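Paired with chain B in one complex and with chain C in the other, chain A is shared by the two complexes that follow.
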Partner chain A sequence: MKYRCLIPFLLIELFALSCTKKDEITTRQTGFLPVMSGWQRSEAPKIYTHDNLFDYIDGNCELYFSYGFESLVSATYQSENNPNQTVTLDIYDMGTPLGAFGVYSSQAHPDYSFKPIGCEAIVSAQQIRFWQDRFEVEINSGDSIADAEKLLSEIAQRVSEKLPACQPLAAMNWLPQQQQVPHTLKYVAEGFLGQDYLPGGLEATYQINGLEVRGFVAKCENADRAEFCLRKYTDAQRGFEGAEVRDKGSYFESFHEYTGHVWAGCEGPWFFGATSAASAEDCRKIAEAIGRNLQMIKTVE
Partner chain B sequence: MEQFKELNRRDFVRTIFMGSVASLVPWRFAGQSKKDNARKDEVNVQYRTLGRTGLKVSVVGFGAMRTSDPNVIHHALNKGVNYIDTARSYMDGNNEIIVGNVLKTRRKETYIATKLRPSSEDEMMTSVATSLKCLQTDVIDVILLHSLVSRAGVFNEEAMNALDKMRKKGMVRFVGFSTHKNQVECLEASIEAKFYDVILVSYNFKSDPAIGEAITKVAQAGIGVVGMKTQAGGYTDPGLEGWSPHQAALRWVLQNPGMATTIPSMVTIAQVDENVKVMGKRFGAHDQEILERYGELYDRVLCRTCGTCEKQCQFGVPIQDINRSLMYAEGYRDYDLALRTYRELFTEAPLQACLQCENCTVTCKYGLDIPARLARAREIFGTVMA
Partner chain C sequence: MEGSTVSFEQRAISRRDFITNLLRLGGLSAASVGMGAWLKSRSQRPQEQFIAGRAQRVAIPPDPNFPEMVVVYGRDPRQLIQRAVAELGGITRFIAPGEVVLIKPNIAWDRTPEQAANTNPQAVGEMVRLCRSAGAKTVIVTDVSCNDPRRCFQRSGIAEEASAAGAKVILPEKQGFKEIDFQGKVLNVWPVFAPFLEATKVINMAAAKHHSLTGVTLGMKNWYGIIGGRRSQLHQQINESIVDLADFMRPALTIIDAYRVLIRNGPTGGNLADVVMKNTIIAGTDPVALDAYAAKTYWDLDYHRLPFLKLAHERGLGNMHFSQVRSKVVEI
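Up next is the complex of A and B:
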């Protein structure tokens, strides 16, 4: 009862919160939009949330949702000299840095051109895509702009300067970098390794003796859960008709003509392993290197 | 602190689960789960002809848009699925690479459909050449123009010329388009165009009946129809374990004989197992009952975000955002996102305003029971924020 006098203040606070929610998104994210000489915004920036992202990017919104999408601010700039020249700037708030890296990395390929803008950027003739903190940024130009790549890089740099600084993600160190093919590290939030019981995880391609091996790791709630995931994953391999599965207790190795060689095990809360189409030996080597790396992280932590 | 957080989350999930089970007990069907498990590996694959293409496609195809692991596709092929849908733009090309990793060894068992954006002829030719490379194949079975929204788009001459050129060069076998908006207009225009072999259309039990009628007409004109968004947004409830609205929703779509195949999005092996069971069983009274319940759930909880409720609340409670938090929890089962969203609204014990208000008169023009939804929010979020 003695706090009853505070109720009106709480209600005012609630009211203020509700009124400002959308305004906050608008203010925060539109604050990242740069002002550029020679270019002006053709209309007010548009805000998209979970409820209407489909209107903007159709079914591709499912990918963004799976990585924790929260909101998008989209602005179109028009050249003052030539109104036919436009640039579209999309800033996705993915909720967490891992979500931003996840959606960025899901659309990255080692053959693309990369630049050190934000945490990392992919650059092509008419598009720049980068991630930084909890944001994934996409900048697109029409084909009528000469040297669009330079212009897009400049805009990206300006946006990057306004965003919170790029912080290293601890999860990106779970997979060792030695022999890892650059720009192949990906975070998969949903359906990691095709299994519904696994949490989101990371995977990367390794090159060993000229052959490719895919390494993977996911951090479970605890060691028991990691063991559970290992058992379930062993069963999943057995589900492929004709698969040869050698269960060694703390890890297993298997082979099937479609899944290739698989090695999987646990280290504390981590479920990890590797797959290879061609070599069981290389698969084991990479998996063991991942295991050693995780042991070290566990010790340091 | 970490342990405390985990306990909270567990409590949170348990609360949602128990609440849902309690509210849905009459809808559960005893023994069904057991029966389904017993028949897990028995898939009676059904095929239909994809219009004038003559392709015999499994009625459950594979939507690969978000699939990151090729083994999920392998598993689906092992179950008899033979139609895979992807697009050049999915994962910015990576999705075609993932699908290509499967096709390189199993091309003969598979029909592959991909999409490209309508643009200049040169750009479209480059796009399809890239798709062929990524998919590791010499020919694409079905190429679709991505997301047409109007009759003008259907009659886009430059795009049609490009598709024709691809066909004549042997890069693709059949051509078509996908559509999400103004679907009836696009479907009817396709009959008039006499050019397209396949159309990918958004269709589910919540669709406007006019779309179903247009699909029938299109199929009668010899165009193969493929269904997407077949599960009406995939809104599910964690308390519905034991029966699957997804299966009933897919069977409902397949009742339309004009629908040759469907492409539910699948990212896990468990989802494949769930969807392939649809084949070989007709839509029945049981499915109808499930869909009615599902429809009620859908109608009862899905906020259309019109915002009219918020204007009625004298305390300015952010009802729309609370409903969104509930949707993340109950629908998407993304508990972290639900909590984060809710915590942005309230940092302490939630909805004190409602506790002081004895007679909530807020109504929803779409029929949501607002006081009940707010009580549900208090129940769910109060557990972890008290």
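Up next is the complex of A and C:
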């Protein structure tokens, strides 16, 4: 009771500490903002953290949170010739390269145009998004800017030069590239395959005999946990009324009109497999190719 | 899984920095104590006169002569609005002379009309014109934007179109919010942008978009744009809060702009490849049916995947079985 008087001071101390953290983020991330000839920042860059990201991107913040969002610096550049022409630059610190790739890939689609800026960039007339190291960068412009795409590419290039270099991401090799449809590789951080017990995992679309097969892989803590995930996933398939499940011990195959064909198995700590709406054979082929790829990675490791 | 390889510049702290920080901390402490005392002396209960907001607005009663939902296809957003309102009984069914009308588009994002993250500006402009032609005293166009409001209102094209049509365009100001007790299932006292409380009629003009959190954002979700405060606190019960807001607002007319539809990567979008031209306006007096129709038509989603539809249906805000409401499809 006698220490109750200290509570206000503790609260103030916590407040001061949070200010210091924000100052650190400001110093660190505003250093990535480029200087652009003919453009000036219209106001001081804004910093967003877990506490206020909603104010900037509404419910979309939950997507960023799921991938490990740490902070965002947002700056607006105004043309020196025409103040109505603005470009907004957002640099998200996602905590890890996998988190940055994850949030980038979650909003990617093979129909988009891509450029080799950072690790990879999606380019359109009024927006560029790219990821590099632990950062996901989004640059938006209005339609009144002549050749906006060129301008956005220039800004993206400048930012990319200031960020830590793009390093290869080991997880991106878990799924084999042969027959993989370009730009379909995604990292799903939460609720992978709709199962909450699974860790985050990768998935990609494969084209085989003109049909699409989706390959997937998740790395568990160890081989026992991977076995556990396989058993739980087998049970989940059995849960569909009328599902045909053939349990082979180290893997299973199943079919249900809702899930299509499923093949799932384990390789060391990896839980992996494939799904296909049309062909059990193609599903098995892709799943086995993923298994062989993981065996090879395990051997090298 | 993958660890970061970044090491940022480490800053050593000098004695001067230490003393400066200590002084800053002392100043903060004193300011915080003073501010706390001042705030306590000035705090007050929510203003009772605004609690009656919902009751003041008269919902438009059903009229068996007119459809409850109309779907209009065509090339020109202005014509789509004109035709939709005409099919529903004309603007005088909804707006009486001398009324203060508030039109609530989605102006949340610093995006151009082509990016389809906001409501179509020409559709908003036409709605303003119609209200003015019905003799509305004032037509207000506003929204509580997520991105910088000035840029959202300008880049969306809505400020220009609405002003040209005779609307009073109001940017959301921090001091313009009033504390309201929603008396909802999850929404209690929350700050609402005051113009939404002062209008005699409200017209909801939502954009049809994908939404990463709720699946879609249509008419009912659009009411998130009337409130301020720490809206992220509502996320855990987002479906319930959507319905609380819809229950509170009860618009005279709901319009879902599906002229351009942001089919994925919403609500922010940005890439034109995510936008599909549907050249459609969906309008009506049953906000639940409208949402259910748009969700099914563009995303093949129903109340199983969109719990707010079922909650709103159960609360009597409309019919989630859109095929059961009187509807009409028109092609211009």
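Operating definition for what follows: the second predicted complex is superposed on the first by the 281 of 301 C-alpha atoms of A that agree within 3 Å, B and C clash if a C-alpha of one lies under 4 Å from a C-alpha of the other, contacts with A are read in each partner's own complex, and residues count from 1 in each chain.
The working rule: contacts are C-beta pairs under 8 Å (C-beta built on N, C-alpha and C of every residue); 3 or more make two chains touch, one makes a residue touch a chain.
Remember, it's a predicted structure, so these values are computed and weren't measured experimentally.
> In the superposition on chain A, see if there is space for chain B and chain C together, and answer fit or clash.
clash
> Given the touch rule stated above, what does A:D58 touch, chain B (first), chain C (second), both, or neither?
both
> In the overlaid three-chain picture, which partner chain does A:V188 touch, first (chain B) or second (chain C), both, or neither?
A:V188 sits against chain B, while chain C stays out of touch.
> Answer with first, second, both or neither: which of chain B and chain C does A:P164 touch in the superposed model?
A:P164 contacts chain C only, not chain B.
> Quick one: is A:H109 in contact with chain B, with chain C, with both, or with neither? Answer first, second, both or neither.
A:H109 sits against chain B and chain C alike.
> Touch check for A:T86: first (chain B), second (chain C), both, or neither?
After superposing on A, A:T86 lies in contact with chain C but is clear of chain B.
> Of the partners chain B and chain C, which touch A:E253 in the superposed model: first, second, both, neither?
neither
> Should A:D282 be classified as contacting the first partner (chain B), the second (chain C), both, or neither?
Once the two structures are laid over each other on A, A:D282 reaches no partner at all.
> If you stack the two complexes on chain A, which partner ends up touching A:R134: first (chain B), second (chain C), both, or neither?
second
> Now for A:G95: first (chain B), second (chain C), both, or neither, which partner does it touch?
both
> Please write out, lowest number first, the residues of chain A touched by both chain B and chain C across the two complexes.
11, 15, 19, 58-60, 62-63, 95, 107, 109, 129
> What part of chain B is in contact with chain A in the complex they form?
Its residues touching chain A are 6, 65-69, 71-72, 74-75, 78, 89-94, 97, 102, 105-106, 147, 180, 228-229, 265, 267-271, 305, 310, 315-318, 321, 324, 327-328, 332, 334, 336-337, 340-341, 344-346, 352-353, 356.
> With touch defined as at the start, can you tell me which chain A residues reach chain B in the complex?
7, 10-11, 14-15, 17-19, 21, 49-52, 58-60, 62-63, 65-66, 68, 70, 95, 106-109, 129, 186, 188, 190-196, 221, 236, 239-241, 257-259
> What residues of chain A sit close enough to touch chain C in their complex?
Listed in rising order, the residues are 8-9, 11-13, 15-16, 19-20, 28, 53-63, 76, 84, 86, 88, 95-98, 107, 109, 111-113, 122, 124-127, 129, 133-134, 138, 140, 142-143, 164, 167, 169-171, 200, 219.
> What residues of chain C sit close enough to touch chain A in their complex?
For chain C paired with chain A, touching residues are 1-6, 8-9, 21, 24-25, 28-29, 32-33, 36, 108, 110-112, 114-115, 146-148, 151, 154-155, 211-214, 224, 230-232, 235, 238, 264-268, 270-274.
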